[in-house]
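So the structure is just underneath, and the comments pick up after that.
Labels run A, B, C and D following the written order; every chain starts at residue 1.
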């Protein structure tokens, strides 16, 4: 059986990356693509890289849903809820690359996104789609909130230490740096080449919407409320996120213990590589792949565990992880269609 | 049957790109990798991107040949000849990514490379592996000279016009711009980041070793001696070549005629896209793929046909084309294992 | 006496670069800045680099003119003519960084820019402000058409050979590559970081508006009609233009003769450096300076003179040359305020 | 009187940046340049940007010292001590851009650099040359330890809060990102363009030699021992450092109080700009200038003060600050020769 997959918001960066992956997925077919802005145009008119590789024309949401077994939505927040409801009603799977199904607490969602949860029952059926941490909960679900890019790098980077009780869940500092595709396809002054190239800045300092999502996941793994100071930065590269995470060791905890826990946690994970001591992570080494590379350090004189964690923000941080979730929902081996080898350069 | 493939010079950029492709090739297995500088080390020690994906250790050439049905060599010029002879003797296929089997004329080779052809008989059996132009000659051969990166972009860009007699074969100007991976892995002052980033320069102006190779192919397709002024430039990007080609229209020839010829020539080619009028080529649209995109223009007030041609120098300009040749040698569909969709960004 | 200088279009890239130079000019004072889009805002609100360095607020054109002895205009084409007329009437100098005063022939202007010359008498008084070629004609004028960036690199690169009759004025090919600041401050999809970074493309192939300007200057220096095929490319760097120029040697002309002519022509020029044989030009070596570096090559087997010429498109290609013209108009040493040493990196 | 200035290690990046500044310094003359590797060559042979601007030839250290009133040394650590002693003996000023005169405690120097202080008396006369914090101590000294690039951004960013007792001096996290010129001119695999471009990594995590220097300055300003976790990252740009600094507010301290203290501290500083609320710092806005831009944030839910601080690592982080120190030593206005306006792009 071939899974018929549709993408809403296909002309955004996450959307076209999904298209790229699904066009080569051995068990799925890219059945339909949707776009509000480019309806009626070929996807390759927007992305010439796809010329000759995909003849699909952008359709409206209804048409995409009708042609699909699973619908991926890469839409502005707030717009996925109705679509999700419609998909569920029609017996389709729905994977949301936006923020509408990531937060458990409606109050947090309203606080950070300014919208309400319209279908509480729907949210109860939804699952947070970070397979390495919540694999068993994902299987069999119909609605998946695909994690944000920063939260993916942060959660994979810190969850094992928190779960094992090696670090304090309070006062965690996460200093993240993301490539510019994370800002999306829409042009802005700050992403205009001459103002972004040879530039570097922090943005939404301690005020980014991914903060509650990160705290939610870290709290779940810690078993108690975790608090995080999160500062994202805009990195003048196309792809990649590196998160540098600072957490306080609990008394008695050591780097050696942490290393053992991480290696054990991720031993059988296809997409997480805990590097041996002496190696360093680089966004270059996971580029265009679904990998997350992790390295651990201790600052003994200040008592901190330092974790560096890298992903490709467009793959493990968006489209790749979405396909990983699709594979889980449909009972396929998790790496199907997303076992790309990272570019070395 | 699975093809056992070996790579000599696997730790160079073309070598590791080959490894990346062969590790995902459905009909081949990366059986062995060779390196003089890193013998005894894992390939992933040199390229951490491969960690967990390839456990091969760099071996000496003899071991690599012994374990392989086909040997790819990405070696400095002059070093491939003995290896090729050895492979042929042992009944193996040999695909050379260096320059030792590209030029028909030993005098030209000696003039530009300062070495002699040691085994004239071997060269008579060798073929220039540009499948779109010489497909039938490649099948069944044992030794392939994989084309240079610049010559690939130039030949695909101009061959149809020359073959159809639309442009003069003399006085062609080819102004090419290549990403820095084309300079290889070895560090130099000119490729040191602060001196290469935000920089741009021409090099080996009208003196680059790819000139005779370009002239050879263009002469073959023109049916008479072609002369080319070739100027390469170093572009501050990792991957990609764009060649801007200027040729004089023969009397009566038109852009419309040229367009018709190109479309006809490449109609059934998997890896060449002649863009419709109004679209422009960009190295971005072929990145990490085996595609060559081509666009045509006329400057009517000066009587020139202008062709822009782009490839990924590491794929169609090196490793991808080498695999394409392997597929031809082994009777596989030509796109096997190299049907990657270009990155949109 | 201090020259009171005003800038119209001060919030564009050429405008703010002018501001940067004028703020440090020992004989001029930046008296007023104009902007339609940002009227009433401080210049540093648009360019935070200027915070603490310039308290000027953007005003309307009338106010700027009133406060200035010389007005620089960096406006869209067609808008400078009325302003120039107003300035001349008020006895002020006018230096236009746009295209309204570059072309002698009104028909060419209308053909390429779609506007008419409104004040023919004004154009007769205007001069094309390329000091190295037309220094004596500039002195004493009131209206200067500051050359385009590409034409500056092309004209300085080829004029000596044409003037000396060493190359044919027909069939010249100019393949230019420009940094992205050349496209201006306005955001576009093509200059959005993820689509411009790691990308490279030609644009307006044989159809760029700088073509008639280049031909005009080259024809003047050749003493006969010159024809040029001009192809610009967008280079993923902030600043810099490199032009690679191909011209056919006249019978008997040699590289040695050309070198002698260039060295003689530019011997006393402050801002043009003819490099010795063996050295290559690089946009890096003129960055943030008013220099033009030139190197010459011959392709003996095809009979071409090849010239490579680099400038900083924002300095010698725009703001720096404009100040050079101001210095000429006001009888100052030509290098006053623009003797910046190029960044090495 | 013109100061005769000499540079040892002039062919390194800090050295040539010093040359660039000194060649335009109104009260100093670049009298001599020294280089071990390039002795006998012109400086412009190594940096073609300087062609026509500086005819100096690289000499040995003795010759440079003899011709200079002040000697700048940009040498590998350990090599400056003898030179400093020689300069002092000869009555010359010595400004060390290396690490030999930065640390007060010989044990710390030995621990981090593996060398001993050879002339304890000399170190007692030396001063740490961060003018904004230690201006009065610098005047009249003969030996200056010019601060490291990271410590400059960190100290300017956090000193006011520590001095005012607003934050805890323990457990400070400094997450810094530096452009590649910070790694120097010597080629390495990690700074080879294809491996550095589109890449990002942390290095020397919690183990960088600038850590004790940062702690020393912060301890002095705090009046008690400060402890810092310092993690540097390599940013794929040429110039610039951004430090993101996390410190715990003391009870009762607020962002408003911190802002007031910073504004007061730096009110009369030429080279430090505390941005108003709502603006963000960017390395782009200080590029090629001696400025340090600072912004403050509070994360109220975790009780942290977050400071972002940017400098140009080659100017305020090296050559510019060295000239600032020279100006102090010679009684010149501090901004003499280093009042460059930042590039906007």
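Here, a contact is a pair of C-beta atoms (placed from the backbone, for glycine too) under 8 Å apart; a residue touches a chain by one contact, two chains touch by 3 or more.
Predicted model only: the values in this text are computed from it and were never measured.
Centroid distances from chain A, each centroid being the mean of CA atoms, peak for C. For the pairs B-D and A-D, the count of C-beta pairs in contact is higher at A-D. Put simply, the C-alpha centre of chain A and that of chain D have 39 angstrom between them. With centres taken as mean Cα positions, chain D sits 46 Å from chain B. Contact with two or more other chains is made by residues 13, 181, 194, 197-198, 236-239, 282, 284, 287, 345 of chain A.
Here chain C touches chain A in the complex through residues 13, 179-181, 185, 187-189, 191-194, 196-198, 236-238, going by the rule given at the top. Listed in rising order, the residues of chain C touching chain B in the complex are 170-171, 173, 175, 177, 194-195, 197-203, 205-206, 227-229, 231, 233, 235-240, 242, 244, 246, 280-284, 287, 297-299, 301-302, 304, 306, 308, 310, 345.
Listing the residues of chain C that touch chain D in their complex gives 13, 16-17, 20, 23-24, 47-53, 181, 198, 238-239, 273, 275, 279, 282, 284-289, 293, 339-345.
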